[in-house]
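Once you've had a glance at the structure underneath, I'll fire off some questions.
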């Protein structure tokens, strides 16, 4: 029983990372119908940039984190402008963009492979900061992550519900054809979506690089976790869906990791396939 | 329903989509060798009748008989097995198949469609015969020149003709044609008329027509029923129904006001 | 010479995989993103039977073909009801599901991550003989695929791809054709898996990941969708090109990433400039 609580707390920590990645992915998928595989790339780019700026260039940790976020946002925006835009303009559809996006992630991944095959990590002593409640060991850093997730979601909620851009974005999820009439606004909204979603992925990337570290494979893993979270939560309500999906997935990963660690990706993806078959609109849809 | 060959009978069909009422008590006889047309304003549920017959939707009430045999639990892909075939208002041609292939693909019982059958010499001979049949079908609408062209590149009217021939090629005894003339270029309409006549008169197929174009209906239909306001308001021999002042006022009035 | 034989064998193996993938993706319009799973099943069945149970390799190959076909049919069955993009996503998930299966349940030789020590019969024993046999099998598959796509069956497959609802209205159940061709493609991919094991002498789960499935996509994307010659062309060009990268004199740790980056560029370039590939008859429309 106490073991379960421990697993639960681990799952909660994981859910925090997943939530940051998933909500950005969901935002792009629900509004633009783009299956942004390279969202994982953006996540990874932030982590490597953070590592490079802080560890190699010696920038102050906060400054390095801020720069890494900006780089992630920019990379996300440029992927849309340089790759997806032309594919769509030349008559490509959802599947073509998906393949092109795979291409982007292959290129970035190869770059990081050249940089380092192993884990790059900024990890520090604070990570060992733990406290014990009963028999459960808790990491202070996990609470830090959850606090950041709460802040990010709060800001996102205000952005979506209190600004005109947010209104336009929610319009896109409801009826994209209606919103498309507004022409110029759509391009602006599109940029905003990519910038915000990529910053959130970047935030997760910086935190991951700080915590467990990045490997060239982290991007794809993280992306698919985001995807499964979105399929779990559905895209009707982006924020709620992503957080429910991420929480469920965090728990699944933690429990699978505890009881049958060899079968983690089997569990995740088997569940994804089963969901697609029986509830493609998500658990909440 | 005593004869073994009395076409399609739609008996007391009732339908609603969720809470939205579509129609009630629709009864239509579609005998072989005749063209039966259903006219009515947009949204009256004419296409819905075809969709129900083909098993796309389940009706609230009513029965469907083909040659006296009741249809039950039919799914779209086994309509042809029961002797029915439909066409679509929006053609749904196979754009990357040639006009000839569009017709060929519809032919039933091809041993060349089975993995083992396709390597047998019998399949070759059958395919040659089918090609000849398909070519003849194209000739009936003077489209033999388009045989080798991808159907997606043909003008809309020609696509529609090909899609009608496709339904014909299935060999179905009952044809359900959804607005075969809609969107067809004016100079091709006589070919549509001739084809539909030939199907019923020369080949004895039971032909059901859902159509907006009242001139076409006048030219091809033997029987006409008018679906309006959720029920059949008039039904009978074409010249009677189309000569009925109230029908014409109701129908044409709506069409021209729309 | 040894190395040339090896390359020729490898090309032959991937030609079979690409032909099979093109049957489902290019001709039937089913977005198969998990072909590596069936490749792995074939490789594990052939190598497992041969190494652990001492089954004659010819028989093991036949078993690989049959088992992969059956596994393909069994995995497609529940997926038939989903369409479009979610189908692609589900097949993509198969890569990860099967990786864990290979990793956790796949037989392995003591002290290694995978299987080695195949006992190959004469037709596969020397590198020359192995190349000749594999190439002959690839040629056979090529002819079989050409026969299929040129037949009434091939026509029906293209009709499934273009308008499944219209085909259903003509009295032919699209799912029947999808099931049939998916199983055929799975069987051929499984055969290729068995041959792949004989080519490499060693298999482990890392050979059958998403990367391999993407590779298949790159091959037929470059060569051309709905084209048998396209499948051959894509594989030959890319493997030869890839091989030539080795002779650039780069440090060896850069060759792999460079290949990967070029594949990425190719995918992007194809999607922007030529979605039908070099000689394709169809393109990624969705």
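Worth a mention:
Here the chain labels run A, B and C in written order, and each chain numbers its own residues starting at 1.
As a working rule, contacts are C-beta pairs under 8 Å (C-beta built on N, C-alpha and C of every residue); 3 or more make two chains touch, one makes a residue touch a chain.
Quick caveat, the model's predicted, so the values are computed rather than measured.
Of all chain pairs, the one joined by the greatest number of contacting C-beta pairs is A-C. Closest chain to the protein centre (all Cα atoms averaged), using per-chain Cα means: C. Most remote chain with respect to chain A, judged by CA-atom centres, is B. Chain A and chain B, compared by their mean Cα positions, are separated by 51 Å.
Note: centroid distance chain A to chain C, computed from Cα atoms, is 31 Å. Separation between the centroids of chain B and chain C, computed from CA atoms only, is 42 Å. None of the residues of chain B touches two or more other chains. For chain C in complex with chain A, the touching residues are 31, 78-79, 81-82, 85-86, 88-90, 93-97, 99-101, 103-104, 210, 214, 217, 221, 253-254, 256-258, 260-261, 263-268, 270-273, 275, 284-286. Of all the residues in chain A, the ones that touch chain C in their complex are 35, 83, 86-87, 90-100, 102-107, 109-111, 113-114, 117, 220, 224, 227, 231, 262-266, 268-270, 272-273, 276-277, 280. The residues of chain B lying in touch with chain C in their complex are 54, 75-81, 85-88, 92-97, 101, 104-106, 108, 110, 112-115, 118-119, 123, 127, 130, 163, 166-167, 170, 172.
Those residues of chain C lying in contact with chain B across their complex are 147-148, 151-153, 155-156, 158-159, 161-163, 165-174, 177, 180, 184, 281-282.
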